[in-house]
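In order of appearance the chains are A, B, C, D and E, and numbering begins at 1 in each one.
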Amino acid sequence: MLKVFKALVKRDMTLAWRRRTDLLNAVLFFVMVSSLFPLAIGADPKLLRLIGPGVVWVGALLSCQLTLPRLFASDHADQTLEAMVLAPTPLSVLVLAKVLSHWLCANMPLVFIAPVLGMQFGLGPEALGVLALSLALGTPSLSLIGAIAGALTLGLRGAGMLVALLVLPLYCPVLIMGCLAVEATVSGLSPEPYLLLLAAFSLATVAIGPWAIATAIGIAYE
Amino acid sequence: MLKVFKALVKRDMTLAWRRRTDLLNAVLFFVMVSSLFPLAIGADPKLLRLIGPGVVWVGALLSCQLTLPRLFASDHADQTLEAMVLAPTPLSVLVLAKVLSHWLCANMPLVFIAPVLGMQFGLGPEALGVLALSLALGTPSLSLIGAIAGALTLGLRGAGMLVALLVLPLYCPVLIMGCLAVEATVSGLSPEPYLLLLAAFSLATVAIGPWAIATAIGIAYE
Amino acid sequence: MLQVKQLTCVRADRPVFQGLSFDLKASRLMQVVGVNGSGKTSLLRILAGLLKPAEGSVSWRGMPIEQQTSDYSLARVYMGHANALKGDLSAMENLHWACLLAGRDPTQPVIAEALNHWGLNRRHHLPLRVLSQGQQRRAALARLSLLLDAKLWLLDEPFAALDTEAQEALEHLIARFLDEGGSVILTTHQAFGLSPRITDRVDLDRLRASC
Amino acid sequence: MLQVKQLTCVRADRPVFQGLSFDLKASRLMQVVGVNGSGKTSLLRILAGLLKPAEGSVSWRGMPIEQQTSDYSLARVYMGHANALKGDLSAMENLHWACLLAGRDPTQPVIAEALNHWGLNRRHHLPLRVLSQGQQRRAALARLSLLLDAKLWLLDEPFAALDTEAQEALEHLIARFLDEGGSVILTTHQAFGLSPRITDRVDLDRLRASC
Amino acid sequence: MSSATPNQALIGSRWFKYASPATFYPLAGTLAPWFAVLSLLLFGLGLYISFFVAPTDAQQGEAYRIIFIHVPAAWMSMVIYLAMAFWAGLGLAFHTRLSGMMASALAPSGALFTVIALWTGAFWGKPTWGAWWVWDARLTSELLLLFLYLGFMALQAAIEDPRRADRAGALLALVGVVNIPIIYFSVQWWNTLHQGASVSFTRAPSMAMTMLEGMMVMSLACWAYVFAVVLWRVRKIILIRERNSDWVRQLQQKGVL
């Protein structure tokens, strides 16, 4: 079982590497959203510092959900997902492997890039650290929730937008906690409670997520 | 030729209608992105009024960006695009028809909804009008530029990144003009010069766009 | 009508076939044979104008196809292995649109008749994606019934996924097209009923580029 | 081994076939026949466990397949018309992964041998999307060479897109699998060389649900 | 992907008798008109109380009367989501067909009441706060609730196979219901940091007894309305889904339909 898990993580990462432009696009999208704002709003440094954490977090969130609809869609289209459904290994294990490799390829880069973007908005070093940390803690649950939506919309027309629609309200707590953590740091308070909440939320989704995703895929195939 | 043009507009609009949830979803995405920002940034009305035009414009731009890459991709995947390339009607005409119907279905609704979102950010009636007008004038060029990018990514596997980089700078003028127009109104100045510039930019892209798109598709097929 | 001279095909830097020449007259049926990967699909795509050959030329009525205006577009029909139909449109809508695009404008009853002929009687208005693989193929082929006024059909594995009844219908259609002066170039791995009418044959295995 | 009782299939509210029962023993070759749209693909998907029948049951060694744990997963191999391969992975990678997923773990040389057997000699490491349609199908079928220890193969139009050579290879493989005690259920519209070995036949046209 | 076959013992028990669409259909048919009449009566009474009996508010004048529709609608919007999730969970666990139909019948009503709560709130906000919309915690979570409803309906609309639509919707509703408290609290924390005193509910000092009565009657009216509409909608859904079944054919032959 562990063998198949590892093999699937490796396969998905190989595939991601072969199509690295897709990943780059997600990262680029993130950079783009965050850089468009100063353009759209004007360059008042105080204003930028105020909106900085929010903009970066929204960018990360949108970039996540941009890549998620395709998490299962391509496997569905070429029917390799069928092979997974029919496999002796439990589907929830396979699904966890897929989400993990997606997180590694698509979300981890955001964690590293976010501080650079935060700098554009004039955030201090401590706030930048908390920004990266909050993203690292929050994005796993974004991935898992997004994957649930992706599985529910398998094979449906217009799945991309539908996923966005299903997922955005569910993302709000993560977004709010993440922004609050950074803003607390900016205003000299401790971000700890928010970070803990983020971590707890991520753990909870890791516990429930794979089951929900496997159920959702099962629903698509029955 | 006009007959085929009309038929293609009709076909694409029929397809869009069959998938009307897609369109609704694009609109909802627009609404949600704009509602995420207050959540991320905080609810200070003064701050929100400042960033309102920018948020709505960025939302429109992202919503455009999400639907456009698929403009040709689905026709490419099921090889109906081949039939268009082989057709006696010039490809640029067919392409213009596709972009037109995309604009009618996906962007026009944004123009009508933008004022409602602007209200959430506390913009006044005049600013709301200018917001809608600037979107109406600006989105055609967003569509056409996006379609060029979509066409280029068809053939050039691995050049997606490059294309995104090429397209982004083209989007920026539209975004900046649009936001400046609204902000000018908010601060009591005339938005006219910006609106005229937007219109001019759109006209220019309408003139050049179809040819560029047809060429890009041609590249994908040779 | 169709004249091919010293055609060489290279795909992704690997040569596929070289030095192919032939001259196809009206009312001829040409079968392209060769093992998997010998370049049959590539050849048809070159003839259609969807792929550029590495060397050589393809001319239609004496003029190279890349210089043709809409003449060749109206005369040639290409059907690849994909059906080029939209899953969300009905068979009716798909056919109407495909014909418009090919420069024809058949009326509804004419299209309906073609569909009936292909055994899709009660399925004109269902979205195509709920049809079985063979039914979708039938819908794609029904286009040929409406394009009998063309001059050249390029058919890539047209018999795939068809049951015996549909296969016979296609054979009849091809025979009729030949009788009306059209030419057909097709590839297939299956035996089919028109063998006596095959007048030309290209064996790509013999032209395999040494690599 | 595989027991089917009173199976009824309904797709999108339209009945497809009803009242299908059979009992498949070891070493049997069953052909499912029927016109386009008669429900062959649907039947195979039901047997594989990818589609729920409207009524009736499918049991493997006496136990309904929806209650099976990994037993049935290891015993049954399903190949639909799509190849279930990734265009961006090489044939080698694709096969290795497919076998792992099916609960086997063949070594590289074993996989390479299977690929060679299917005539993909110098193409082990090319991304699959640059292969021709028939070569891709060969890569998909090479999986079967590695799954001879299974008990039941469900093959949906396995001969499509194959040239004569590959078709014969597949026939040999099926014969070998039958000899080793496996059972095969397949659908095809083409004539194929194993006709004398067909022991069971299901004709879906006779079970057409009145609608 | 095995899904347990419906538990025969449960289905057999009396409790589950009405889980069969065939038995529920006539029952719903008998009940719906009664609820419709009841809701009409209650609406009449409630509107009478709220417009003619309840006194004018000292601070807000007549505008406060929006409360009689606003608060019941806000309540309904939340209760209906819970009911929807309840049915959805039941359907997912026991494969009862009716549960899914109930959930899909409830969703539009829920969305409607959410929209009404938002709309009346916005209408009320203009005179009292001077703005159509502020990013208050309660308002924001109500907006997100609307998005959840819309997501549910969009998902169901996108899936053609009704069985899959039911089950996918059910899973989504359950995930949503787990999230609602989390959303609610996160929005509250978020808001307290920024907002504080600038926005607060300018509530009438003490709610007059008649106001409370009016609100209660209006709430009951909404309940009755929801029952009537949902039962009616379920009947339509049953007919569409079961149109190939024997009992629907028999009804058609008898000319009842």
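The rule is simple: contacts are C-beta pairs under 8 Å (C-beta built on N, C-alpha and C of every residue); 3 or more make two chains touch, one makes a residue touch a chain.
All of these numbers come straight from a predicted model, not from anything done at the bench.
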item	value
Lowest number of touching-chain links that must be crossed from chain A to chain E	1
Chains most often in contact, by C-beta pairs	A-B
Rounded Å distance between chain B and chain D, as computed from the means of their C-alpha atoms	46
Distance from chain E to chain B - Cα centre to Cα centre, in angstrom	36
Distance between the centres, which are taken as Cα means, of chain E and chain D, whole angstrom	48
Interface hub residues of chain A, defined as touching at least two other chains	85, 157-158, 162, 165, 168-169, 172, 176, 179, 183, 221-222
Contacts with 2+ other chains: residues of chain C	88
For chain E, residues contacting two or more additional chains	1, 3, 147, 150, 154, 158, 187, 190, 193
Contacting chain pairs - touch in the sense defined above	A-B, A-D, A-E, B-C, B-E, C-D, D-E
In the complex with chain D, residue positions of chain A that touch it	3-4, 7-8, 11, 14-15, 18-19, 78-80, 82-89, 221-222
Residues of chain E defined as touching chain B within the complex	131-136, 140, 143, 147, 150, 154, 157-158, 187, 190-191, 193-195, 198
Contact set on chain E toward chain D in their complex	1-3, 5, 160-161, 243-244
Of chain B, residues touching chain A in the complex	18-19, 21-22, 25-26, 28-29, 32-33, 36-37, 39-42, 47, 50-51, 53-55, 57-58, 61-62, 65-67, 70, 158-161, 164-165, 168, 172, 175-176, 179, 183
Complex contacts: residues of chain C adjacent to chain B	48-52, 70, 73-74, 76, 78, 80, 82-89, 93, 96-98, 100-103, 105, 127
